[in-house]
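Heads up, the next two complexes both have subunit A, just with different partners, subunit B and then subunit C.
Entry: the complex of A and B
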């Protein structure tokens, strides 16, 4: 099978199998326009991200062979907890965050959804403050405005981890 | 916690001025392409082998906090002819556009106070629609003992919850009947013919018109069919009632269906006269276009909503009130607890014949008492966990990790260990933002549903 060469922002080159490369809408678009012999530059993708993405595809292929199901084609619903747990354990919040952006940039739908599930899993128990910190969001409520919303949704602020 | 913000301060001026950023990027890209031979190749083994992947030097292109990393506005156009980039798209936009939909309602209501943009976004009808479609986790169980008010047992008290577990926002006291994907169906305690459909998160409700037939309390069973889909923007659902009718001297089961589209009840042509089905045992569940009800005669009555055909499946021979018909990994299954002395196992039955598929040991640890506790399986939740009523506790048992978590210590009400009139109802519930009121929906549909930021006006 034809290999597609990509180069990440830090100069690292990777060879991807064509069918895997085509899972990225962004890469596919540029392949449609140019020869497959060219190296595709990915200035927004770091090499560690590329490693993770390849890891994902490799795992999916493994599981597809093992279970005889085309996971890529399903493209919906909850995914492979097996690989999800692996992904989860060595990705810090910041790294997950960056990877999410990159996968969105590359247009790899199936991985994006999985990462979103992961992100949501990590975020759902957070307090408002830690949520702001994680996503670097500007706090723009006045104390009065915030107090008003908190009163309307006081039930949402009750819980063992989140009581402030 | 040291954040990378300290190492790479965000240069806000640079972010605002698009042109200079464009030029800056072009220059960098140029240099990068020309000097790539001189760049040191990152040794991947350093990156991959460490237990936690560190954020490798992010100053490669932008020299900024990774959370504020922006997409280049204009990449050399011959490389990417069909640009997917948005101007200054920051990481939090990606999160907002993709990840927030997978959060449960309680977390989302809390996150309305993150900032005003999040508040607007979460309040938009399009967001509620997307979240209803994307978030499907069972968040807890509604519980009601006969004669008591409803209550809610959350699977995660920080993430899943509702403002009023007793459903006091409804105009009358109600009996819980059935639930599906964020919608609850209840029946008025005073008026047998009044069914309410509500969402306990936003406290929206509507009362259905009276059915055309009498659904006798002992001879009828409901099932709510609501399948959120990308296209089902108005959250259409159907409520099916299987009820017994004596036409001649031969009682039959008829199916009366309420459709939220037509806002009316209709009797299906199909009629079931199989003896096995005739004693319906409680309200049913909806799965992949079919509703399923247990019967007392060791059978399951199935009704396909599209074809309007019925079918009969068999329950396992040792089924009983301690077992439950539930969904696991997208398939219908029947879970039965089995006690042998002081140890317990779970039998999982599945497929069309409800064959025994798995036997899972229940490691209840300190909960196993010397005297026999009654045990009842309430539901399978989120593929790996089973909620069990064990004595007077509601516990969540993770079948993979073999761990036990107590969700509620004492079942409020008349617990006497016997399966009689004190038998409580438990309904698995999804913490979704689904909108119920049709007039509300139509007024919002006049706005462009694809605009993510269309502002929600309070009804």
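Entry: the complex of A and C
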């Protein structure tokens, strides 16, 4: 199996098997444009992110061999969900967000979907302010606009809190 | 675009990174970034958010507000959960679902007791392409109302793949048959699963009630219980060969929660003679009871759902359950707290 070499933003090099590398739309485009012997530069990808991505591919391969199902093709949710739970454990919110950026950049659809699910779960417990901090967005509402929004959705945010 | 700053920071760290096995935390890098417009990856998350969180996103910044309101994709899968279930009225439901411009795909109203048959009917008439209709414990609905809605979807969009109706009152076998016939007709192309072919396990269900439906493993959550002949949710045993199966030479251990008691911790069946009780009054099997930590006073464990209710006393190992805590520790005035065990 042909190996593709990639270099991340911090100068580390990784080798990916060709079929896995092709799961990334971005890498695939680069491979189509340039020779397969060249190292692909990934200036927007960090080495720890690459490690995580390779971990994901390795796990998927393991599961595919074990169960004989092509996950990437069939998007077999059940096993990927189990893997998702593992993935979730050692990623902080910021880490997860950065990984999401990177996977979006690389265009790895299946992983992106899973990370979106995870990120959505995490936002569930966050206040508006902590969401702003996490996503690095600016609070750009005028007081009038803010009041208008609260008014529009007052039915959702006011009233008795539901006990768990 | 914030990426250049991010990279700059990383280059300084390059030397340290290779030595580390733990992923480096770029959170400092993020804080150094100036807050700006949200990254496009963020917009992807919107489609996965339940309704409450989606509405909260409106308040984060104007770009997100615009994304949420103008992008139809965020409104195609409406999930109304705990935070909003009792606040959702017919009128608000109509307003929310109209944002899908007739293309609503999933409507999940979990315990939305205020929704009526008319409210539901209006929504399905405007959105014939609904493929998942989850209405568990929407006690304002009637079986006839649900049938009418399912018929409308069958006549117009013909896309309905799966429904959840457990908790709606007065559903009988005729209702169930009618609904099943509509659904089977709409699912002819899909691999037809026999009831019970994808097991319904108590723990999986408690963890994620919609999982089986989302993955297309079942079309309706109710069945006729093989034991009592009532229309109920029928659970399978997670154990390959449970005691019940062996003793009674059965191939499967299936029954509703009234017919077969199940351990809250593992979902396995529990014989009425070997029931153990948790502090929270949930049933446990003897195996689970044995390995769970127990209260220092009453020797009862908590099930995993309620384990956060335990109280710890200083100076002793283990824990005291809330009941014993209230009885023996809080209510005893100046007496020294119970000593170490």
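The definition used in the following text is that the second predicted complex is superposed on the first by the 151 of 164 C-alpha atoms of A that agree within 3 Å, B and C clash if a C-alpha of one lies under 4 Å from a C-alpha of the other, contacts with A are read in each partner's own complex, and residues count from 1 in each chain.
The criterion applied here is as follows: contacts are C-beta pairs under 8 Å (C-beta built on N, C-alpha and C of every residue); 3 or more make two chains touch, one makes a residue touch a chain.
These numbers were taken from a predicted model, which means no experiment stands behind them.
A.B. asks: Here subunit A is shared; do subunit B and subunit C fit on it together or clash?
C.D. replies: After superposition on subunit A, subunit B vs subunit C: clash.
A.B. asks: Between subunit B and subunit C, whom does A:54 touch in the aligned arrangement: first, second, both, or neither?
C.D. replies: After superposing on A, A:54 lies clear of both subunit B and subunit C.
A.B. asks: Once the shared chain is lined up, is A:63 touching subunit B (first), subunit C (second), both, or neither of them?
C.D. replies: Once the two structures are laid over each other on A, A:63 reaches no partner at all.
A.B. asks: Please indicate which partner A:31 is in contact with in the superposed arrangement: first for subunit B, second for subunit C, both, or neither.
C.D. replies: A:31 contacts neither subunit B nor subunit C.
A.B. asks: Counting only touches as set out at the top, which of subunit B and subunit C does A:112 meet: first, second, both, neither?
C.D. replies: Both subunit B and subunit C are touched by A:112.
A.B. asks: On the A-aligned overlay, A:132 touches which partner chain: subunit B = first, subunit C = second, or both, or neither?
C.D. replies: Both subunit B and subunit C are touched by A:132.
A.B. asks: According to the stated criteria, A:22 is in contact with first (subunit B), second (subunit C), both, or neither; which is it?
C.D. replies: Neither: A:22 stays clear of subunit B and subunit C.
A.B. asks: Using the superposition on chain A described above, determine whether A:95 touches subunit B (first), subunit C (second), both, or neither.
C.D. replies: Once the two structures are laid over each other on A, A:95 reaches both partners.
A.B. asks: Which stretch of subunit B would you flag for clashing with subunit C, going by 1-9, 19-27 or 73-81?
C.D. replies: Among 1-9, 19-27 or 73-81, only one stretch of subunit B overlaps subunit C, namely 1-9.
A.B. asks: For subunit A, what residues appear in both contact lists, the one with subunit B and the one with subunit C?
C.D. replies: 9-12, 43-44, 46-48, 51-52, 77-78, 90-92, 94-95, 97-98, 100-101, 104, 112, 116-117, 119-120, 123-124, 128, 131-132, 135-141, 146, 149-150, 153, 155-157, 159, 162
A.B. asks: Mind pulling up the subunit B residues that touch subunit A in the complex?
C.D. replies: Touch residues, subunit B against subunit A: 4-5, 29, 32-33, 36, 39-42, 44, 47-48, 51-53, 55-58, 60-61, 65-69, 71-72, 75, 79-82, 84-85, 91-92, 94-95, 98-104, 106-107, 109-119, 135, 156-159, 161-164, 330, 383-384.
A.B. asks: Would you tell me which residues of subunit A are touching subunit C in their complex?
C.D. replies: 9-12, 43-44, 46-48, 51-52, 77-78, 90-92, 94-95, 97-98, 100-101, 104, 112, 116-117, 119-120, 123-124, 128, 131-132, 135-141, 145-146, 149-150, 153, 155-157, 159, 162, 164
A.B. asks: State the interface residues of subunit C toward subunit A in the complex, per the touch definition above.
C.D. replies: Within the complex, subunit C touches subunit A at residues 2-3, 7, 10-11, 13-14, 17-18, 20, 22-27, 30, 33, 35-42, 44-45, 47-53, 55-65, 82-87, 89, 92, 214-215.
A.B. asks: Applying the document's contact rule, which stretches of subunit A touch subunit B when the two form their complex?
C.D. replies: 7, 9-12, 25-26, 29-30, 33, 40-41, 43-44, 46-48, 51-52, 77-78, 81, 90-92, 94-95, 97-98, 100-101, 104-105, 107, 112-113, 115-117, 119-120, 123-128, 131-132, 135-141, 146, 149-150, 153, 155-162
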